[in-house]
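Dropping the structures in below, format is structure tokens.
Two complexes come next, and they have one chain in common, chain A, joined by chain B in the first and chain C in the second.
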Partner chain A sequence: MNGYLGVDIGSISTKAVVIDDNKKIIASSYIWTEGNPIKAVKKVLNNIKEQLEDKNICIIGVGTTGSARKLIGTMIGANSIKNEITAHAIGTLSLHKNVRTIIEIGGQDSKIILLEDGIVTDYAMNTLCAAGTGSFLSSQSKRLGVNVEDFGTIALESKHPTNVAARCTVFAESDLVHKIQMGYKKEDIIAGLCYSVASNYLNNVAKGKKIKSPIIFQGGVSKNIGVKKAFEQILKEKIITDENGHLMGALGSAILSMNNKLKEPFSFKISDSNFETNAQECNKCPNHCEIIIVKKDGKKLDAWGNRCDNGKIAT
Partner chain B sequence: MKKIISFPHIGQYYHPIKKFVKRTTNIKTIESPFITKKTIELGSKYSPDSACVPFKYNLGNYIETLENGANILLQAGGGCRYRYYAEVQETILKDLGYDFKFIQIIGKDHLRINEIFNIFKELNPKLSKIYFIHELLSTLLYIKYLDDIDELIRHRIGFEVYKNSFIKLKNDFLNELDNTGGIFKLTYLYMKYEHKLKKIKIKKPKNTLKVGIIGELYTAMEPFCTYELEKMLAQYNIEIKRFTNLTYLLWKKALLRPYIKRKTKKYCKYTLGADGLDNVYRVLWLKKHNYDGIIHTKPTGCTPEIGAIPIIMRAASDNKMPIIFLSFDEQTSSEGMKTRIEAFYDLLNTRKEKIK
Partner chain C sequence: MIIILTVGIPRGLLYYRYETLWKEFFNNLNVKYIISDNSNFKILKDGKNKCIDEACLSLKLFIGHVISLKDKCDCIFIPRIYSLEKTEQVCTNFNCLYDLIHNLFPDLKIINYNIDVKRKNTEIKAFINLGKQLGFNKKDTIKAYKMAKEKENIKQTYIQNSAEHKLSSNKKKILLLGHPYNLNDNLIGKTVSNYLSKNNIEIIYSYELPKKYINEYYKKISPKVHWTMNKELLSAFMYYKDKVDGVIVLTAFPCGPDSLTNEMILRKKGKSKVLLLTFEELSSDVAVITRLESFIDMIEGCVYA
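Then we have the complex of A and B:
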């Protein structure tokens, strides 16, 4: 049977899925990137390999997405390297055909995608600030001594959510400290934080956009029921979350790879190879472009980062 | 001390500006070194953090050209914070200890030829008015031809058969125009190159994507500032329409204003400052001419454009035009921009296929 692999390498987590010809997920893996995308991808590939061991599946297409899509795409020989927005839209559309709004909050970025009749009509990403993303929540959970995974359930216990200043990460944090010292209950503060994530998102990322239902909420933060509830309260609409919500990017890139006509069999042996990246400064003009060179077992695979042809590195 | 005049960069306009200054003043004229990362590092180091990014590029240009020996600096001005650039930049550079003369050519809203003539007369006492006007006209014509050639190239460059054929032609064109004095010779050369350009082989599919670039003037005209947005679009085989160029700003804008005001009546009661109103009009224009999408660029914190954006959004959604807004400053990452452009390209492509 044919299979397609999709890998989504985000700033915080790395996700991978394998789908069959009917776009059904047959294997998936979800781990922390921990600042090392190459290692994370090797781990994810080993995970997938174990899950596929007793099935007879031949992977003939690989797609990558996420912030490390180019590096990993070069590394594992992907036939589709696509941005997160397209990948998420395609992944979500394969499960929910009539979706109108996708709210996605990940580790470091958040985005909104608006669709109509199955095509993307508008999108936006957060630009300047990481307030209201997953990394903000996880750093605050450490301060409160709570596991970030338990955030949602604790938030639901609260009856009077505290108002937390949400405009900026740094100010939210100092406001939070202030509220702790004032003696507010922990669950109220946590519920307030969830509320602030939602309102920050709607004021910054979704600024000026018309949010229409059905609304689907994805990304790591969608696992937090507190934030989901906050969105429902503010928007007064039903919010749909999916148990596979965190895998949509990976699913989308697997589908994109399936749609690509150029296909090549993929072997899991690639995770045994040794990959290295090298940063090198080009000194041919005062611009000093930083050129990244990817090496596989000591052999140059690809290089990028040069702004003009003078800095080109032959591979 | 030998006098050397210099000025900051904006796109390729250093060609006509340098020619004009050199020929009217008879003083050695050099352009600033080309913008690199070092330019913007220098510029942002000595600028107020909240200044818009063109200010920082300009300041970086000045510092680099002062290091190269320039001692007379030129600056223009416009209808927004640009008007304060000259004074603030002069003060910053003087505080840094440089010794130079700073001249602001256009200080007010309107171009007054007499005022400009007096400035140049001071630099070159032998300058006659007739010669000055001749040079001014020939420079305006040069700028117009440069913009016209650019416009033609923008429609074609995404589809060239042989790589760099348009850039090569343009370089030859600039080279010849730089060394030509008379107005008639300029026109002749333009016609010659226009003819040549139209003969360059292109492979243009029938149903190509067409995108309009609107927004603030510096990000529109200086490719370095936007990580060569137009080049990136050309790589996606997109035909580009860009409105802002020097010709437009120098005289077309004023001529078109009453017309634009009438056309945008539905959205604006007053003008918005800088190019705000023009950008609202451009949305309607692009819709009328069947363009597929709009890209709006501005430096972070550009006040007139921030005022115009909600109106532009409204006009775009009324007309069902996909639009994205890009903000640039010295910290913008090129990767983030590439992601947004790539997604925009996918959006336009699927949309077009669906409609077909």
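Then we have the complex of A and C:
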């Protein structure tokens, strides 16, 4: 049987799925990137390999997405390297045909995608600021001494969520310290944080966009039931979360790879190879481009980052 | 009277608005001039080091261009513009540019002119003054100015006609909206326009809007726009928005007037597809490319199998 592999390498987590010809997920893996996308990808590939061991699957297409899509795509020989917006839209559409709004909050990106009749009509991503994303929540959780995974359930215990200024992570932190010293309950503060993530998202990323239901909430933060509840309260609409919500980007890139005519069998042996990346500054003109060189077992595989031909590196 | 040998023109800010007029004017008077190179990271770094951190990216680049020129010419040409229309104003950067550079580099010789239509300092008066600084009499200066103005008009008409022509292209069309000094800058707008051209997109620039529409179309958004240059942007947006497949709004961070008009655009865009790109001192284009790639996917709408 044929299979297609999709890998979504985000700033915080790395996700991979294998689908069959009917776009059904037959294997999946979800781990932390921990600042090392190459190691993370090797780990997810090993996870996937174990899951497929007793099944007779031949992977003939690989797609990558996420912020490390280019690096990993080069590494594992992907036939589709696509941005997160497109991958998420396609992945979600394959499961929820009539979705109108996708709310996605990840580690450092947050985005909104609006669809109509299965076509993206509008989208937005956070611009320069990462306030209200997953990294905001995890940095606050450290301050409160609570696991970020427990945030949602703790938030639900609160009866009177506290107002926390979440416009900016730095100011939110000082507001938070103030509230703790004033003697506010922990669950009220956590519920306040979840609420502020939702309102911050709606005021920044989703500003001026008409949010129509069905609304699907995805990304790592969608696992936080407190934020989901906050969205439901503010929007007064039902919010759908999917147990596979975190895999939508990977699913989308697997489908994109399936749609690509150029196919090549993929071997898990790749995770035994030794990959290295090297950043070097090109000094051939005043631009000083930073060039990334990827090496496989000591041999140059690809290089990018140069703005002009001066910085081209033969591979 | 001082004889000026070579005039240095920084490739930034107003240069992109008045390129033809300035070059032709200096040519007509046989004044030698040099223009700084295209923006690069060294220029940005030098500008950043000399500039207050709150200034916009475009101003930081401009200062970098001045630094790159100052040892290669005898004087730098930095005009001051306060108002181009009686009841309007331009960004305060253009009001203070002369004084700013003078304060940063007190030893640098600067030639300039001052346009402030509010106080009856018109463009022709400004150029007569400029001619005087260069050692030319009024008659020769006016002649040189008029000839240069004519060339500028011809070039603008040509650009505007070709923009109208581009509208009938079969390719997907994107309006690139922003100040010319951002759209044409090597580090800012070129990243975007190069990527779009590579993907077979027809680009229409907001400054290609035919002149006759500038004072007309913005009224559909707001009856009065105080900032002349942003008024032009709003007019371009309202004129083109239904004629193109998508609009990319390009802003240098932080821009005061843009923050106001970008908000107006986002609120009044209706069904048109708008992507807002904010440029800061990023060292990599990855974030920009991700947004462009998904924007093109969206307007082409064909990858959704």
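Everything below uses one rule, namely that the second predicted complex is superposed on the first by the 315 of 315 C-alpha atoms of A that agree within 3 Å, B and C clash if a C-alpha of one lies under 4 Å from a C-alpha of the other, contacts with A are read in each partner's own complex, and residues count from 1 in each chain.
In the analysis below, a residue touches a chain if its C-beta (ideal position, glycine included) is under 8 Å from a C-beta of that chain, and two chains touch if they have at least 3 such contacts.
Model, not experiment: these values are computed from the prediction.
Visitor: After aligning the two structures on chain A, examine chain B and chain C and state clash or fit.
Guide: clash
Visitor: Between chain B (first) and chain C (second), which, if any, makes contact with A:I255: first, second, both or neither?
Guide: second
Visitor: First (chain B), second (chain C), both or neither: which does A:N310 touch?
Guide: neither
Visitor: Tell me which of chain B and chain C touches more residues of chain A.
Guide: Larger number of chain A residues touched: C.
Visitor: Classify the contacts of A:L93 with the two partner chains as first (chain B alone), second (chain C alone), both, or neither.
Guide: After superposing on A, A:L93 lies in contact with chain C but is clear of chain B.
Visitor: Return first, second, both or neither, reflecting whether A:M125 touches chain B, chain C, both chains, or no partner chain.
Guide: A:M125 sits against chain B and chain C alike.
Visitor: One more residue to check, A:N83. First (chain B), second (chain C), both or neither?
Guide: both
Visitor: If I apply the document's touch criterion, which positions on chain A are contacted by chain B in one structure and by chain C in the other?
Guide: Dual-contact residues (chain A): 67, 82-86, 118-123, 125, 127-128, 208, 285-289.
Visitor: Over in the complex, which chain C residues touch chain A? Could you list them?
Guide: The touching residues are 37, 40-43, 253, 266-267, 273, 276, 278, 280, 283-284, 286, 290-291, 293-294, 297-298, 301, 303-305.
Visitor: Please name which positions on chain A make contact with chain B in the complex.
Guide: Counting only chain A, the residues touching chain B are 67, 82-86, 117-123, 125, 127-128, 208, 210, 285-289, 307.
Visitor: Which residues of chain A touch chain C in the complex?
Guide: It is residues 67, 82-86, 89-90, 93, 118-125, 127-128, 207-208, 255-256, 259, 285-290, 305 of chain A that touch chain C.
Visitor: For the complex, which residues does chain B have touching chain A?
Guide: Chain B residues touching chain A: 33, 36-39, 228, 300, 310, 313, 317, 322-324, 327, 335-336, 339-340, 342-343, 346-347, 350-351, 354.
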